[in-house]
Amino acid sequence: MAGFRSNRSFARTNNDTGFGNNSTIHGDRFVLPDGTFNIRRKGKRPWEWFSLYHTMLNIPAWQFILVVLMFFFSINLLFTLVYLAIGFHEFTGYIPTDTWGRTKELFYFSLETYTTVGYGRVNPTGDLASLVAGVEAMSGFLSFAWATGMLYGRFVRPRANLRFSKTAVIAPFKNITGLMFRFVTLKEKHTLTNVHVKVNLAMKAPDAEGGQYQFYTLVLERSHVDNLPMNFTVVHPIDEQSPLYGMQPADFAAADVELFVLVNAFDDVYSATVQQRTSYVYEELQHGVKFVPMYQESADGSTTILEMDLLDVTR
Amino acid sequence: MAGFRSNRSFARTNNDTGFGNNSTIHGDRFVLPDGTFNIRRKGKRPWEWFSLYHTMLNIPAWQFILVVLMFFFSINLLFTLVYLAIGFHEFTGYIPTDTWGRTKELFYFSLETYTTVGYGRVNPTGDLASLVAGVEAMSGFLSFAWATGMLYGRFVRPRANLRFSKTAVIAPFKNITGLMFRFVTLKEKHTLTNVHVKVNLAMKAPDAEGGQYQFYTLVLERSHVDNLPMNFTVVHPIDEQSPLYGMQPADFAAADVELFVLVNAFDDVYSATVQQRTSYVYEELQHGVKFVPMYQESADGSTTILEMDLLDVTR
Amino acid sequence: MAGFRSNRSFARTNNDTGFGNNSTIHGDRFVLPDGTFNIRRKGKRPWEWFSLYHTMLNIPAWQFILVVLMFFFSINLLFTLVYLAIGFHEFTGYIPTDTWGRTKELFYFSLETYTTVGYGRVNPTGDLASLVAGVEAMSGFLSFAWATGMLYGRFVRPRANLRFSKTAVIAPFKNITGLMFRFVTLKEKHTLTNVHVKVNLAMKAPDAEGGQYQFYTLVLERSHVDNLPMNFTVVHPIDEQSPLYGMQPADFAAADVELFVLVNAFDDVYSATVQQRTSYVYEELQHGVKFVPMYQESADGSTTILEMDLLDVTR
Amino acid sequence: MAGFRSNRSFARTNNDTGFGNNSTIHGDRFVLPDGTFNIRRKGKRPWEWFSLYHTMLNIPAWQFILVVLMFFFSINLLFTLVYLAIGFHEFTGYIPTDTWGRTKELFYFSLETYTTVGYGRVNPTGDLASLVAGVEAMSGFLSFAWATGMLYGRFVRPRANLRFSKTAVIAPFKNITGLMFRFVTLKEKHTLTNVHVKVNLAMKAPDAEGGQYQFYTLVLERSHVDNLPMNFTVVHPIDEQSPLYGMQPADFAAADVELFVLVNAFDDVYSATVQQRTSYVYEELQHGVKFVPMYQESADGSTTILEMDLLDVTR
């Protein structure tokens, strides 16, 4: 393992990654594969750092729907309780004559009011009931306004929509070897231009006490493309300048190697700059294999075919 | 054709276009005239790269309206089926007495509920019917929220709104010739400032095996203007440094010449950076003609007239 | 007038303003005081360059309200005509018994439906009427979605919200004179940072045939401030390097001087880059006066007072 | 106090802060801790610089709700007055028979109409009443569109969401001392990258007449990080180049020291550049203490724990 240390001084270290460099106070990988930081907040005021909006953007679809439905029924239940407190006599148009039946009618009345449907069979006749119904309709309207923002955030906000290969490979490159991974724009009709890639490397110095991490910005064969119509294979040539020079597969594990990838591009559809991050730890590196080509001319020669299923395929 | 090769080494090649350079794996033109990439995705999971939102932004208006109407009727049909499953007895207010008539009434009830109109003649009396109607009203509200995002995307999102001349011309320029095209902001009241133009050229090296493409960034007489009140004629002087130097009209076809144009500007109305792309292939080049001037002083001298119909006119 | 010509060669000319430099084909001032370009489009397809959205953003408030109301009544009239074509018999709940009364009822029904209020007294019983009402409710919903985008554009979109002094002045500055104007952020709670100012000058060369314009970028004493809490006085020192050096008041008119001002800043509230432009022609220059200070400490010393009414005051 | 003056000339002064430098015309601190400028507008046309939108974004939540409710009831009261002017006879469906009871019914009718609920028990039969109800429904719809923009602005718009330490400290740093403060991203799931920090210093020159302020941009140990997963401690080393070199605690008060902090970052969730400002005046500086570490490895070693309660803790 000592073989790769002598060249370390050539490498461009990066002390501005923002990650702590002491493994005894930093747990496991720095960045998760989905690009979020591996960090958890703790303290006495969790409501301060809880953001309903950011949470709603990140939960899976079924949880999102569940939360929306639960919120919808809870707030209607609340208004129903207020209507019950006001009393049945401030409403007209019931069909049932028993208390439980009328209670349900008030709940359905609340549903109609909150959604501003207002069929009007059951309708308020008393003063308090009428006022509260007005407030409910208004709050329904406003909460759907809020939901609009949420749906926008989940489905429509600018995003890079990149898919990265599941592994990075170390493969022959020109006369040496290179560290490579690739990515592709996932969505059709979604155009990225002016794409920049930055790759940082974290690794433990083999003889450092307490496992200090060193950070390097890797030199790339190409770190920018004008357009991203197809896949982009990012290559870091492992030459004598590279901090990875001379490292054997076992050395990657010993050094607890982690690559941080940051892709930055201009999204033509949203007219916004978008970013996506990922990371590869040493278990996600494959040695001695190459990626297979992903694209080819179509049969009729009129267009180019991008084979999405080949993104992760190596040979 | 050999005449233009000797100067090729002077030209600034650009290997960062992001386009593949091998014509045997790349079909036809790289960029379509509307600025999208000439590429098609293939694979086993098309739903992954299908984006309803991006698709809805790009289809023609009549398809957009059709999809909206079809979606609207489909979801109402679905809810009608649920109401039918619940049963006619959970609703009141029908006028028809036969099954088909009442079925239609439930469909119209669904329409009223989904749009939150709620006339209320037909209205739910049973528990299940009332609950489902509440859910339908809520989902109607939310889907209109989604439609808001879509309409925003189609009509209001920041866009460059440029119109490019249909052809580029090769015309006398100073003592040499120049490759020229022009563009204009199409929309009134839409102001672009800080406009940058980048033109890349793809052409096959005449003696390359298998037809390798070379990419060049063309030097422009002017690649930036502070404001874009009128048309902007982009000129690439074909001097000895140009990769096009010495090429005859037939050479353009033989070299499969394609120009990629990228215009980048600040949109004053949206306070956003916007981009528009186009491309010209050799069939879209005109040799030996010039563009006619597009603007002139108004009769009363108080303003400048931009003659939009002259954009493509050459002489 | 010849006095100021000899130094012209020192000035930094700017050929990238994007404005034509020939006064015989360019009418009057280049930029209007509100920052729009003094240009008009002409051609056979005005619908192509008409943008309802951009127009609605720029018309005065009373016109905006008028257009909204007219649109609202027109579309309801249209749907009323459709309902009339379907026939009175497909609706129920009328109070009047005569044709004109029922026609009006259908118009009011249309109003209720389009706004999704749906009182439901008059309501559709026939198939066609029910379907058209569903489509009307949907289109009402969608057009309000569109209106949301419009209102957002008029009232909420990122804007610099600057107010410029009505005139620029030429006043003593250090040992020479300076051309000065100033501006201030108009709105409270609206914070601009990282403010850049660029001033271009257009003037006719005094002896040019046909009145060719020359464009210069003026050197400013300070073209950037980190924050814009108060007013910012922009100063162009008229030293020997200035294209205005040695010019007398009459020379400004003869040279048809026009200043183009572009302010670019980061808007803290919207997290967006915003821009505002204006221009000063020679009639809007005042010679030999100075701006009075606009701000002072408050009586209790706890804050600073910005006197908005002094923006244009000179002495 | 004279001890620190001799080195002042080494420091990089910044005359582009945008703040006035004369203490007799500038009241108290320049920037408030929440990052807003300490300034007040005065003049004859306050409506010009009042922005309802910006105000609604900045008031506390309870005031926001109060304003919304007050607006809602006021506009409904207004429409009720119009309906009263039209007359009771243009409506049908009342339950009460007395004037006051019917007046209240019209108010509730207005509530239903404005929110587009439209129960329809009370409904317009006359021409004027029907038309005004249509206008009310439309204006209700549009004002909720406006409210959507407002709610978006308050809850969803891009923001840095940083929390700064309440105090800055002057603590030993390497062999000298350093001025330090720190900040952290407050919200979970909110990712900032490419973070830049700029710190300006305002202080009175000790012997200046009338208390002129000098502005300096402080040199920082690190002014940029690629990512902000955890806290960022900003350090200005007080070496011989620093304008603070040799100053004793009492000197900070005498010089009326104020630090302006500007943090600028890319917000990954919104794909926008965001900013946050704060300031520290001399009372908010602590001498001779250090910040305690805020993060540590989790018990199971799988993640890193950020202890939010320790942000302000020094020892």
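As written, the chains take the letters A, B, C and D, and residue 1 is the first residue of each chain.
The rule is simple: a residue touches a chain if its C-beta (ideal position, glycine included) is under 8 Å from a C-beta of that chain, and two chains touch if they have at least 3 such contacts.
Note that this is a predicted model, so its numbers are computed, not measured.
Set side by side, the interfaces C-D and A-C show unequal numbers of C-beta pairs in contact, with more at C-D.
Least-squares overlay of CA atoms from chain B onto chain C yields a rotation of 90° to the nearest 5. Two copies of one chain, chain A and chain B, touch each other, and the residues they use overlap weakly: the shared fraction of interface numbers falls below half.
Chain C and chain D have CA centres that are 27 Å apart.
With centres set at the average Cα position, the gap from chain A to chain C is 38 Å. Along chain B, residues 112, 116-120, 148, 270, 272 each make contact with two or more other chains. With chains as nodes and touching pairs as edges, the resulting graph is complete, every pair of chains being joined. Chain D meets chain C in the complex at residues 14-20, 24-28, 30, 35-45, 48-51, 53-55, 57-58, 92-93, 112-113, 116-120, 123-125, 127, 130-131, 133-135, 137-138, 140-142, 145-146, 148-150, 153, 157-159, 198, 200, 260, 262, 267, 270, 272-275, 277. Those residues of chain B whose C-beta lies close enough to touch chain C in the complex are 68-69, 72, 76, 95, 104, 107-108, 111-112, 115-121, 144, 147-148, 151-152, 155-156, 161, 186-191, 193, 195, 222, 224-230, 232, 266, 268-272, 293, 295-298, 300-309. Across the complex, chain A is touched by residues 116-120 of chain C.
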